[in-house]
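What follows is a pair of complexes built around chain A, which joins chain B in one and chain C in the other.
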Partner chain A sequence: MLIHVLNGLVYGGLLYLVAVGLVLIFGLRQVVNFAHGSLFMLGAYVAYATIAIAGFWIGLLAAAIVLALLGLLLDRTVFRQLQDQDPIVTVLVTFGLLLVLEDFVRTVWGRDNLTVAVPQLLQGTVDIAGASFPIYRLFVIAAAAVIGAGLTIWLKTSRVGLYVRAFAADPVTTGMQGVDTERVSASVVAVGAGLAGLSGAIASPLLALSPAMGGSILIESFIVVVVGGFGSFSGAFVAALVIGQLQNFGIVFVPSIASMVPFLLMMAILIYRPEGLAGKAS
Partner chain B sequence: MTSLPEKLIGAAAPRPLDAQRSKLPLLLALVVAVGGCVFPFVVTSTLTLSLLTQALIGAMLATGVGFLVRQNGMVSFGHALFYGLGGYILGVLVSRGIVPIELALILAIVVPTVLAFVLGLVITRIPGVAFGMLTLACAQAFYELALKVRGLANGDDGLAVTFPARIFGVPVSLLQDPHSMFVICWVVLMIALGSLWLLMRSHYGLLTFAIKANEERARFIGYETLVPRAAIYAISALLAATAGVLATFYNAFISPDMLHWTLSGSALIMAIIGGTKAVWGPALGAVVFFFIKEIAGDATEHWPAVIGGILIVVTVFVPIGLSGLLVRVFSGRRA
Partner chain C sequence: MKRTRKTATAALAGMLTMAAGSALAQEPLKIGVPTALTGTYADLGNQAKRAIEFAAQQANAAGGIAGHKVEVEYLDTEAKPDLARRQAEKLALQGNKVLIGAVASGEALAIAPLLARWDALYVATINKSDKMTGDSCTARMFRVNNADSSDAATATPWLKERKETEWAVMAADIAWGRDVAASFAKSTESQGKKVVSENFSPLGTNDFATYIQKIKNAGAKGVYVALAGRDAVNFATQAKQYGLLDSATVAGVSFVTDNTVASIGEAAKGISGIINYSSTLDTPANKEFVAAWEKYYPGTTPSNFEGDTYVGMQVIFQAVKATGSVKAADLAKAIPGRSYDTILGNVLLRKEDNQLVRPNYFGIVEQNGGKLRPVIKMSVPAEIATVAPSPACKL
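Now for the complex of A and B:
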């Protein structure tokens, strides 16, 4: 039983790291990045390429840095250029980007599934409540917790974090106070993209790498964002953990309809609380 | 909720009063409608007709997506749900021999439509971008279902559907021959476009425009706003289900690809390329889409990147789409 809960935490943690990037970008730009799953996928591939030459830890770092830089580029070329247009324009453009990025990865690395080995240090299993559990999965939980906590501290204590929270609450007033949207936005999109890349890299030893792997995490993180309430960090956190558990228990007990479980939760939430768990009633 | 941009999302309300302005477009529509029916007698190449038949089925789906954008201002990233559901209901019911094929056909169109209406009552309350995310999530849930439940239709492998010899007394083989199927798809598409055109000019059509423009005010002058929105969603699902049924007849095969979000995305791209301001825009976009696919598919393996790039360019630089450009060129000459 405990094993199942832990497995749910692994998935929930990764989901949170991806979804929080969506929440960050939404808070600042009021748009949803449909290419966010592709950033996760790209992170895994960058890690795959770097690990082969420089080892696991450098691979994680490289994925985070490369994707953060890509995020910066994305902010400058897409979000910033289209900020005066309707959000749906940006959504369609990021959707187009999704197709381009998938094709790019397919061209560079091929369409076959690739695997990343678990680093030597984290190989093997430990006994937890009488069952064996891979050490690497424990590491994923710990890493997600540390990164999540670091992000929260950054948001709560730094000046940029204050601005980010202010933008999420009321973008117009925050802009009137003289906060430079462009600079805050650039750092926020970079952090969001970097987190997606990093979680892709962390997840890479657990998953089979394929160009299409961004799709399912994108959809699940959408569900997290909607269930959590748009633009809410705490809501996304709770929703990611709940959906991680549900997804995992679904796979264990009702494997054939596991994918319906988060979906049904989302529909139930939308019927009773259309603004999401932590959303403001409008 | 609908602060969607006029340029991309289209359509200010039509003005019924000056509908008599010109009979030319109507005449042109008639010529095109009749012309399509004799087309297979002029062009007899099976390959071309086969491609065009697929394009027409795509056009049907894209018309559904475009109609939703046009009438509700809502962008669906999950219309493959209704397309695939229509195909699966028909395919599974016929293969198992549970019900007569005629009833299966009706169910394959009615069930997705009703499902869309009920689903619409929940999700069309959600504004803008979030709606798009929800449609995507809904469709994907059903995709996974079709993939994982192998007992339904062999999961990933798909299911070859064996049809009985006749439906409503008509030989089913006619539905699998591109020469006749082209005409059937053409007629169905023309009927659909005509009905949508009439609907959009009706009182109900105007009401949905009003809701799109300002829901608060529509409610204030005494209209219920949720049901019309859900109804439009259901109509667009009806079109998608019809396309799915046509595809299932034509290919005699169903697979989870019919529910996959790349199909939803393609339909959306067709609608955007064609432009949603005119009812026929998405259908035109679909035909263009299939031709680009044919050309690009021969020249390059990078089909998704090509289409993604086109989507970006059209969205940013030509938000009115091909139909918008055509209308602009022609009305410019007339003036």
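Now for the complex of A and C:
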């Protein structure tokens, strides 16, 4: 049983890192970023390319940095122009962006599935409650926890974090208080994109790399964001853990409808608690 | 002056008509390929595409098929049946009535009932479901690759040799995966063995950890896998990390193929599996094919799906040669009941269920020719590997 819980934490952790980026970008730019899954995918490919030359840890770092820079660029050229647009426009543009990025990856790395080896240091398994569990998966749980905690501390204690929370609550008033909203937004989008890239890199030894890998994680991340309450950081955290476990135990106990379980939860939330798990009713 | 101009005009008109006439006689063979160019099965769709491209350029370089230039159009189906139906319809209505190359069985089954309405035909080269040559067979659909029943007939003797009695099944939750699981359960039962854990994962599953854990908890000593493309790579990579590949005997269908082995790497070593086609097949025609392929796609050898799709193109081309027609209706009549010179040797496409009668193979992933790849260890002759036509198919 403990092993199943740990498995749920691994995937929940990855989902959280992707979903929190979506929440950040939505909070600051009011843009629902459909291209977010492709940022995850691109992160994995950047890691793949870098790991081949410079090793695993540099690969992680490179994926985060390259994607953060891409985030800055996207914020300047796309998200900023979109923030006052009709939601349907933002959906279409970011979805188009997803297709462009997927085609870019297909052109550079081809259509074959690629794999990344687990780093030497984290190979092998450990015995937990009588079952063997891959060490790398423990690392994924730890990494998600550390990044999640770091992000929370940053948002709760730093000045920029204060601006971010204020901005997510009321952009106009925050701007009137003299906060340089453009700069705050740009840096936050960069953090969101960087996190997507980092989680793609962390996932690369677990998942086969293919241009399609962004699509499936994006759908699950959206479920996390909706269940958690759009724009809520703590909600995304709780929802990612819940979805991770639900998927897992769905496969264990109700295999025939396991893939439906997260969607059923999302429907229930939308009907009975549309503000999300952590959201406050307005 | 006026008269010369008139004569010149008439001559020009005559020449134009003649040009048009000769173009008509050279009506191109228009092939439509609705296949998975993106998504979980993009790897397989891309193999189909490579083989078709190769066959088309080879034919055109030799002056076409009986003077007919070969033209090919591709549309992406994402391996989704409803999208495959729409894309196949689009291709057929644009005049590409000879269809080939879809990946999932669900796609072929979605296309099949509409072929007559579109005046098209479909040659299956990857789709394996028995239904296609069973109760869903039609006079417009043909299959050149091995069906699920053929894979089962090949796996059963192998299974008989195995000492493991507790088996787990890990299959894709689509028509093909369900088919394989059902026939594997039948084989184990008939041999006094047992399936202790049966798992179906949705297409495009990222994390197989829970399935792997369930298989381990069930105490399975062997695992039979029906996953393809990205699913296969994900499962193999993660099963290795959990130690499942080392603690249990693992075999499968479409699981360890030339392409997935290249992606999985060392972890694939020692996994057994059905091999429908291998570039190492020792026929003169196959050697010639592999040599030409290596020249056209430097640094690669044809994979199983590429070889099988090429067989499909050979069947189409030879039917065109035999009838002199590129019309789907004529070809659909000419294809069944005829023998074809293919890279597999001279094989019959039997008319009872429109299935090519061909051998099947079983093997293991090992180092071969400086490369890790599935290597044939056991051959099953055509008369056993292609099981008798299903009485459910009435053509």
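What we mean here is this: the second predicted complex is superposed on the first by the 274 of 282 C-alpha atoms of A that agree within 3 Å, B and C clash if a C-alpha of one lies under 4 Å from a C-alpha of the other, contacts with A are read in each partner's own complex, and residues count from 1 in each chain.
Quick note on the criterion: a residue touches a chain if its C-beta (ideal position, glycine included) is under 8 Å from a C-beta of that chain, and two chains touch if they have at least 3 such contacts.
All values derive from a computational prediction rather than experimental measurement.
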When chain B and chain C are modelled together on chain A, clash or fit: clash
Contacts of A:E102 with chain B and chain C, given as first, second, both or neither: both
Touching partner for A:V18 - first (chain B), second (chain C), both, neither: neither
Which of chain B and chain C A:A144 touches, first, second, both or neither: neither
Partner chain(s) touched by A:L246 [first = chain B, second = chain C, both, neither]: neither
Partner chain(s) touched by A:P255 [first = chain B, second = chain C, both, neither]: both
Contacts of A:V118 with chain B and chain C, given as first, second, both or neither: second
Which of chain B and chain C A:F263 touches, first, second, both or neither: first
Contact residues of chain A, present in both the chain B and the chain C interface: 102, 215-216, 255, 259
Touching residues on chain A, where the partner in the complex is chain C: 3-4, 7, 10-11, 102, 111-115, 117-118, 125, 131-134, 136-137, 205-208, 210-213, 215-217, 247-248, 251-252, 255, 259
Parts of chain A lying in touch with chain B, wherever the complex brings them together: 31-32, 34, 82, 85-89, 91-93, 95-100, 102-104, 107, 215-216, 219, 222-223, 225-226, 230, 255-260, 263, 266-267, 270-271, 274
Touch list for chain B against partner chain A, complex: 3-5, 8-9, 75, 77, 122-123, 125-126, 128-130, 132-134, 136-138, 140-141, 144-145, 148-150, 261, 265, 268, 272, 301-305, 307-312, 315-316, 319
Touching residues (chain side chain C, partner chain A) in the complex: 37-40, 42-43, 46, 173, 199-200, 202, 204, 206-207, 209-211, 213-214, 216-217, 229-230, 233-234, 237-238, 241-243, 259-260, 262-265
